[in-house]
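What follows is a pair of complexes built around chain A, which joins chain B in one and chain C in the other.
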Partner chain A sequence: MYDLIGVLLLNGLAWGLIIALIALGLSIIFGLLDFINIAHGDLFMIGAVLAWTTVDVTGNFWIAFVLVPLIGFAAGCLIERGVMRPVENSPALSIVASFGLSLILQEGVRATFGTTPKRLMDPLGVTVELFGFQYEAYRLLAALIAALAIAGFFLFLRRTKLGTWMRAVRQDREMAIAMGVPADRIFMFTFGIGAAMAMLGGVVAAPITSVEFRLGLDVLPLCFIAVIIGGLGNLPGTAAAAVLLAVMEGLVSAFAEPTTARIVSLVVMSVVLLVRPNGLFAPARR
Partner chain B sequence: MLKVEDLHAYYGKSHVLRGVNLHVKPGEAVGLLGRNGVGKTTTMKAIMRLMPSASGHVTFDGAPLDGVDPFRVAPLGLGIVPQGRRLFPKLTVYENLCLGLAKDPPAEGLSDIFARFPRLKERLTQLAGTLSGGEQQQLAIARCLVMNPKMILFDEPTEGIMPKLVAQIRRQIREINKTGISVLLVEQNIKTAIEICDRIYIMEKGEICFEGPAEALKNDQNIVHRYLGVALR
Partner chain C sequence: MSSDVLSPGRLAIFAAVLLLVAAVPWWLPALVEDYWVDIAAEILIWSLFAASVNLLYGYAGLLSFGQALYFGVGAYGVAFGLQHFGLGFWGSMGLGVTAATAMAAVAGIFAVRLTWHYFSIITIVFGLILYLLTVGAKDLTGGDDGLSLSLPPFFSLGGVELDLFDQATQYLFVLFFVGLCYGAMWVVLRSPFGYGLKAVRENAPRAGLIGLDAFWLRYAAFVMAGFLAGMGGALFALFSRYASAQYMYWTVSGEGVIWTIVGGAGTLFGPLIGTAALIVLREEISSIWEHYLMVLGVIVILMVTFAPRGFAGLIEDAVRRLKPTPSAPPRSE
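Now for the complex of A and B:
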């Protein structure tokens, strides 16, 4: 019994770190640009599809770790210019615009990739014995890669000029411009980073899930719940909330339907909104 | 150094700048006075290209600013110390200080700044939002100086500052001006303006309605009373 819980916790952790990676991208795009990106889950799905395609074409999974985030960054920049810029300063319109993008991405993949869910081979093909179970070593690696990417993102935000500029533009766009910060380029860059993180999440997750055009639909609500529970704009809070949620959903779905697990998440979110509307990790109200 | 010609600007439908003309010579300190809402801050924003001007020209250091990307204005040597200081509260003092520089300088590169603002040196890793009002104003001035400006626009730098510190800020602005940096100062406090500036403009309803040496204001109570509605103590 305890062995099973141990495995479930590990699964939840790996999945939670991947969700955290995606949710962080969602959160910086929302926090900086007031853009509610409904297509964010689909960027994750595209990442997984591209990972599958990379294996299909080159036979090498690891190339996807380099290639796909780069494609994601470029795609994010294009989306910022083409989809976001025209509806700038209108969060409501951003929902409509990105919902349209979401449909285009899903239907585009359905038309080219097909509707059948596909599975990737375990890229390591190694298992380790944990809690008396044979555990796929790749899941541990997936957790590690996601954790490293998250740590790298925070280091970038804290330690580089570009990261400082991103935080400055978010706090006071006009003053940042008056100090010589190219805010428009920062916006584009932020969208690029956010999209790259979602697509990297897709690559990491591809071998431990089934790859199909609806993959983003399940992930997006969880990311939004993580952003809300973590506190809007609270990036470390978002990451922590994502891990907590995924672990919790993993544990619940071991004993009940996955739908029940999602209901539990929604209930937790509602309670957090009622009791701590600024997020679970926000300091007590001033 | 700075020349503003027939500058017009609108907020929505309201015509807030109705043909502003002013100039600042190299090394000069010029005051821009006027009651609340006559367009002083708008003039500064339009000069910095932070808001679009409908017509008119701004020339800085011999080159036109019309059509220049707003973020390229500061690197040309035109800095602003805005109303209310507008620091980035969740960035550290150091991050605020070096924000406008493409690369963070080595510690000794900031020694001039620290000599002028010793308090900031002790607080580099603190968040800017936790500084006192006076310290925040120091930082707002310092982050502008770090970029080696040729001219600084000050928008009500003594507003909301403890009376004890007002004299210190006046002195600092004068010292900055003495190093050859031109100053355009927007003020509500006439005394501060007269003390710092060589020349004064007064604005009314989006236009310049008076121009003269600071001395003239000191000696002619009528001007002060007519345009600013206050008596100079």
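Now for the complex of A and C:
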């Protein structure tokens, strides 16, 4: 039993880090543009589909780690310019526009990729012995890659000019513009980064899940939960919440149905929303 | 506007439209295939669902992505009443509508404490919790496969029996209840309550200063929206003889939001126009191309970009251009 719990904990950790990566993308888009991107889960799904396609075409999985985030960045910039820019000033309209985008992405994948879930071969094909269990080495690598990407993202925000600009626009748009920050381009750039993170998450997750057009539907609520429990705009909090949640869901699913585990997280989230709307880790204000 | 609402000219137009809508089972089959009468009934039903989104978003400024929950509860209320409790036709319908309204009365206590994005998110979350519970209780609810219902006649007196298996009867039955709901909305939105709701939508702190209680206004709107969605769900279960968890998923709520925004939020008949346009489009396109949802996505993005006030806004602009009224108040923007 204890070794099973160990495996579930590790699974939860790997998933949690992947979710954290995606949720951080959702959170920076929310923080800057002030709207909920419903298509974010579908960007993750597209990442997984593109990873599968990369293996299908080139036979090499690792290329996807470079290629797919780049495609994601370009797609994100295009989406911001083409779809979001005209409705940016109305949060409600932009949520609806992103819902429209989500329909296009899902149905587009259904039309081209098909409806049957597809599985990717374990790209490492190695297992390591942990807790007396044979554990897929790729899951450990997935956790490591996601953790590195998250660390890289935080370094980028703190240590580069672009990252500083992003934080500046987020804190006070008017003031940032007055100081000469090109806010317009920062919006596009942020959407690009957010989309790239979601798609990278898709690549990392592709070998440990089944790839299909509905993949994003399941992930989006989880990202919401992480963003809310971590606190809207609190990026480290979001990452921590994602990992905590996934580990908790992993543990609960050892004793109950996975559905029950999800209900538990949703209830936790409702309570946090109502009692501490600034997130679990925020200092109580006022 | 409010003074000439009941002018004889307007009343005549309204009566003519109502007559035309009520006569659908007789003139529509002359133009297209018979099943379009059923689609017309379906449009009426789903338009109540859109109306419930509209009541919250268009009039109270609260964007709900969770109305499918109350639609689903309304449908399952009917299904449980018929299959598990043996309540008969009217008892089951009453159970569906009451259960949905009661559910909204409980969820609303929590949900309307939040506004803005937080409200949208908590409505999704409540919807997901109930969806997962419903799917989990497969023995009782049938999960995603749903429950099929067998309907008793709804009226039986002295050998005369009326049931929903007759197409025209079913249409008129649906129209009767949908019409009642629209009538009730018309009255409520023109009452002090309706104006209070709009005041809170525009500026809650200021509305508070003139003595309006934002919480109670929003709460009442939330419960009414639950009632409308529940009525839609109950009618849908009776209409399709079927209730399923798949109608409770948040993407169904999302479709209601789309119908509302495309039709024109904040107008009484906008959601009906939006629902009608998009369901007709679905029927037409999905017969030639199975990926209708892609077309829907494109339409949604084009509408919010180029006609953010929806079809109702387009119609309003066209009317204004046709007959410029110098006394019309300046456009608020």
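Methods note: the second predicted complex is superposed on the first by the 285 of 286 C-alpha atoms of A that agree within 3 Å, B and C clash if a C-alpha of one lies under 4 Å from a C-alpha of the other, contacts with A are read in each partner's own complex, and residues count from 1 in each chain.
In this text, a contact is a pair of C-beta atoms (placed from the backbone, for glycine too) under 8 Å apart; a residue touches a chain by one contact, two chains touch by 3 or more.
Predicted, not measured: the structure shown is a model, and the values here were computed from it.
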Contact breadth on chain A, by residue count: chain C or chain B: C
Is A:168 touching the first partner chain B, the second partner chain C, both, or neither of them? first
Taking the superposition on A as described, I'd like to know which of chain B and chain C A:224 touches: first, second, both or neither. second
Tell me the contact category for A:259 with respect to chain B and chain C: first, second, both or neither. second
Report for A:121: first if it touches chain B alone, second if chain C alone, otherwise both or neither. neither
In the superposed arrangement, does A:96 touch chain B (first), chain C (second), both or neither? second
Just to be sure I read the superposition right, which of the two partners does A:182 touch: chain B = first, chain C = second, or both, or neither? first
Who does A:110 touch here: chain B (first), chain C (second), both, or neither? second
For a test of understanding, state which residues of chain C touch chain A in their complex under the given definition. 57, 63, 110, 113-114, 116-118, 120-122, 124-126, 128-129, 132-133, 135-136, 250-251, 254, 257-258, 261, 291-294, 296-301, 304-305, 308
Going by the contact rule set out above, which residues of chain A touch chain C in the complex? 30, 35-36, 38, 83, 86-87, 90-97, 99-104, 106-108, 110-111, 217, 221, 224-225, 228, 232, 257, 259-260, 262-263, 266-267, 269-270, 273-274, 277
Touching residues of chain B toward chain A in the complex: what are they? 48, 50, 69-75, 80, 82, 86, 88-91, 95, 99-100, 102-104, 143, 147
In the complex of these two chains, what residues of chain A are touching chain B? 161, 164-165, 167-168, 171-172, 174-184
